[in-house]
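What follows is a pair of complexes built around chain A, which joins chain B in one and chain C in the other.
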Partner chain A sequence: MAQFLQQMVNGLSIGSVYALMAVGYSLVYSVMNFSNFAHGGVIMFGAYFGFFGITLLKLPFPAAFVLAFVGTAILAVLIERIAYKPLRERKAPFLYFIISAMGASIFLENIIIATIGPTFRTYPDVFGRSSIALGPVAVGRLDLIMFAVSAVCLTGLVLFVEKTRMGRAIQASAYNMKAAALMGVNTDRVVMIVFAIGGMLAGIAGVFFGMKYTVYPQIGNITTKSFVAAVFGGLGSLPGAVLGSILLGIIETLVAGYLSSQFRDLIAFVILIGVLVFRPTGIMGKTTEDKA
Partner chain B sequence: MRVRNFAAALLVALVLISCGGAKQADVIKVGWFGALTGDQAVWGNNEYNTVKMLFEEINAAGGVKVGDKTYTLEAVGYDNKGDAQEAVNVVRRLTSQDKVVAILGPNASGNAIPIAPILEGAKVPDIATVATNPKVTVLDGKVKPYNFRVCFIDPYQGAVAAGFAYDVLKARKAAILYDVSDDYSQGLRQFFVENFKKYGGEIVADESFKSGDVDFRPQLSKIKAQNPDIIFMPYFFKEVALSANQARELGMTQVLMGGDGWPSDQLISMGAAAVEGSYFVNHLDYDDPDVADYKARYFKKYGIQTELNGYLVHDAVLMLVDALKRAGEPTGEAIAKALETTNIKGITGTIKISAQTHNPEGKDAAIIKIVGGKYVFQQKYAAK
Partner chain C sequence: MSSYIEGIIMLSGINLIAVLGLSLLTGFAGLFSFGHAGFMAIGAYSAAICTTILKLPFAVGIAAGGATAAGASWLIGRATLKLKGDYFCIATLGFGEAIRLILDNFQGLGGARGWPGIPPSTTIWNILILDVIGVALLANLVRSRHGRNMIAVREEELAAQVAGIDVFKYKMLALVVSAAYAGVAGSLLAHYMTFIQPKMFSMVKSTELTIIVIFGGLGSISGSVLGAVVLTFLPELLRAVDKWRLVVYGLAVIGIMIGRPRGLMGGFELTPASLRRHFADRKEAKAAKAAQVAEDAELGKDGL
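What follows is the complex of A and B.
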């Protein structure tokens, strides 16, 4: 029983890392209708921004944290302006967006390898590595902080989308961008805001990932998992992305803990495929349009 | 005038020829190759410098007696730039052009594996230095007749760790976490499991991960539930630091053990308190009193510290000299035959070559403990 509870805590912790990454993914998808593969690269930059903020600029952690997510918000908007906007204006097929996104992702990874180097780096110990014991279950201090920050960010995001004018504009654009533009919504600005928010979430995810593990140029690869989690939860749905991520984290942990760690990815993904076969829109997805 | 000049010239020439002839008979040429340029140049230069220094010392002390004659040793070294293709070329040149009787090096397994056919054609033995891949001397279960090595093979570290854990640390229940996508890690794990069971110990958990994974808590939680005495972690320092931190976070206090993938500054800076009190297996330790003399001689001659490679090529030279003395004649075939029965005491431990594998069997490994963020030499240990 103690092991089961511990494994659930482990699963929640791993799932919340996926969730922070998956929400940014899902948000961009809901408006742009394509998978922004450069998201992983932006997450990686967030981890490096935070790392150099603390070590090189000697900033206190909150300042480095802000630097990281402001930096990635700007980076994400830049990527949109350079890699996607020209395609948007030419009404290029969605396949071109995906190829452009992959190009951006490879570019981001390699620019880090070429300038900073391929070796991994470690965040200085900010919150301490100790954990809090709840009976037989150990909960990491960083996990708790990460969980709280993620909850605040995600609630804030939902409130923003539901309650503000801009949020309604995002919803309208997500529903039908052309119609929204005809109704007087500045869709160009909506796209920019969406990328800025996605970039901020990526920056936050990057800093936490870097602190929890390490910083290296291939961090972006982990977004494959969060992408799958987003599809599982229902692409385009923010609560779906969170739910899918948490479930994926728990399934992975339980498979590794009770069956075999070698079968972890195999079984986790077979379950995901199974869900998609019976429910192609994911758990909370709404539309059934063909979206790549 | 002209005739006298001619006669003088002839005389000089004759003297030169006879001198050269006499000299050639007393010299044994030994080849060396490795990387003198490129990424691995530090190690290559370190090896070649050590070989030259030792040959000078041997020659100054009167040379080596082979059969009834005494010879001096001459090193012929070539740069293969750490490249496997180039390794084949330089070995061909050493055997056909320079007619060396034996070759020392290289340090890399990838360069030592492809040279076997040329050695066999020329009947010249080679002693590799830090080439730890099992395939350097044995391929498909058959020993390569002219390939030898002075270091122990990778998986052997697993056997050493198992013996040390059972014998010295008195561990009876062991858990393993290893990288399933890495040959090195799998080899160490296999030897650890086999040996730990042979001693009478129990493997209570055998968990794996894949290269690139960063979270090991599911596996560690499973290991924790089995309450082992030690945890064996045969992989590289990055994953070691991550998994050690996560184990401590989960409240696990077990002693951790590993192999030569551990030592690195990063391990200490990243693992900090989590790896304190852990043990790992290495080829040798620089603070071991047995290596102090060579270390000092090298520093005196070249003004820089020797590397790991230097210690092993030092013992490769000892192996070769011992084999020459017993060979009876300075030919590659006779030396190879003598090398098969090598049993000498080197500075890196006892080197007893097995005729079946051409590896040193039961060679001492160094056990290192992490104390106060430093690598502290504990003792030498050989698996039985």
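What follows is the complex of A and C.
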């Protein structure tokens, strides 16, 4: 039982970081209606910003953390302005958006390989290796902080989307971009804000993944899991993305703990196929209708 | 011909087959796949099982490679092609990675370390013949009623559906044919390298194939042919700056989407008829320009 609880806690902590990625991806998907496959590149840059903030600029961790997520927010907005905005203005087919996103993702990954090289880098030990005992389970400091920060970010996001004017504008644009624009919503700004939020959350997730594992140019491939989590929870739904991510994190940890760690990455795809075959709308998703 | 040049020609011929398939899927049916290397992997491993373990002839291996890849794609299509949104895209992404992970962990076929000792049955003539057949089949398919229906689905799904086109059927047809091409390419690759490893069929391979299709031009078969040949030779010439190659490709892909989304050839096919038309147009343009110049000169004289 203690072991099971331990796995649950570990799963919850990694799942909450998946949620940061999946929410950013879902937010962009719900407004723009296409999968932003450059999200992984932004996460990777977040990991590098944080890493070089601590090692090269000798910043204290909180400052490096802020540097990382501000940097990725700017990066995500830049990508949108350069790679998607011209397409948006031309009302190009969604295929072009996906291809442009792929181009951006290839560029981001390879500019890092070409300039600072493909080596794996390890974050310096910021929080210490000791763990905190919570009843029968021992929680690593990093895991606890990951969970706490993710929870704060996600709550903040929900409040922002539900309570502010901008949040309502985002909801309206997700429902129908054209109608929202006719009602006086500055949809161009909505898109910018959505990318900034997505980029910010991606940067935070990137720092945590860098600390939990290592930093390397392909670390962005981990976003595949956020796509799976988003489909699992219901594509385009924010609560769905969070729920899907946390469940995915827990299932992965349980599989790694009780079966084999080799199956940890495979289980995500088994879930993906299962969901697509039996319940394509996911857990929370209501509709698969195209917004024509 | 030196064996080095021959090797590159063979590789570009193999790439071409996979690219032709992807060209049908993305260029003509408007579907985007991240998992085409996965179909190549299925083809490569099935063909290798046929020739190496079951000792069947190479031709059977190629056919089996194409058929198994097509079968796998049918399963994915059945689950995702009816859904609106990016489900298909995400499913192909997951599929490509899943195939690689399964092969990585399946020790019976060599696991992550790879599978050596596949007979070197692929010759340059096998490849060239299959290239010609591949181009001919595809050219006929896209010009048939089925091909035109696919283009209609790509251009305006809703309108196509209203006009009575079975959207699901044509998406599925494009996917299955495209996967079969990838499977055949995988079989050829396995018997050319005589060694296969799951790593050879990673997402990088899938994106490289897509890049070739985009450079060549969405909806152009001759563009895909040109793209496959040029983009297989180019890295060999630019070995020195290889690490910047993908940086440039990434930027170029964005640039093409923004500036010239139909790619280099975009919709233009290189056929004798199209060439004649092109040159006729140019002759006409030249004549028109000459007339214009003459007229200007005339006007100039009047002005004086």
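The rule is short, and it goes like this: the second predicted complex is superposed on the first by the 272 of 292 C-alpha atoms of A that agree within 3 Å, B and C clash if a C-alpha of one lies under 4 Å from a C-alpha of the other, contacts with A are read in each partner's own complex, and residues count from 1 in each chain.
As a working rule, contacts are C-beta pairs under 8 Å (C-beta built on N, C-alpha and C of every residue); 3 or more make two chains touch, one makes a residue touch a chain.
If you're wondering where the values come from, they're calculated on a predicted model, not measured in any experiment.
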Just chain B (first), just chain C (second), both, or neither: which does A:131 touch? first
Partner chain in contact with A:183 - chain B first, chain C second, else both or neither: neither
Going by the contact rule set out at the top, does A:152 touch chain B (first), chain C (second), both, or neither? neither
A:221 contacts which: chain B (first), chain C (second), both, neither? both
Residue contacts on chain A - larger count, chain B or chain C: C
For A:213, is the partner it touches chain B (first), chain C (second), both, or none of the two (neither)? first
Pick one for A:140: touches chain B only (first), chain C only (second), both, or neither. first
First (chain B), second (chain C), both or neither touched by A:57: neither
Between chain B (first) and chain C (second), which, if any, makes contact with A:34: first, second, both or neither? second
Is A:6 touching anything from chain B or chain C once the two structures are fitted on A? First, second, both or neither. first
Touching chain B in one complex and chain C in the other: list those residues of chain A. 221, 262, 265
Sort out for me which residues of chain B touch chain A in the complex. 180, 207-210, 212, 214-215, 217-219, 221-222, 224-225, 238, 241-242, 245, 248-251, 266, 269-270, 272-274
Note: in the complex, chain C contacts chain A through residues 26, 30, 32, 34, 79-80, 83-87, 89-91, 93-95, 97-98, 101-102, 105, 154, 157-158, 203, 207, 210-211, 214, 218, 243-244, 246-247, 249-254, 257-258, 261
Quick one: in the complex, what on chain A touches chain C? 29, 33-35, 37, 82-83, 86-87, 92-93, 95-96, 98-100, 102-111, 113-114, 221, 224, 227-228, 231, 235-236, 262-263, 265-266, 268-270, 272-273, 276-277, 280, 288-290, 292
Of chain A, residues touching chain B in the complex: 2-3, 6-7, 10-11, 13-14, 120, 122, 125, 129-131, 133, 138, 140, 212-214, 218, 221-222, 252-254, 256-258, 261-262, 264-265
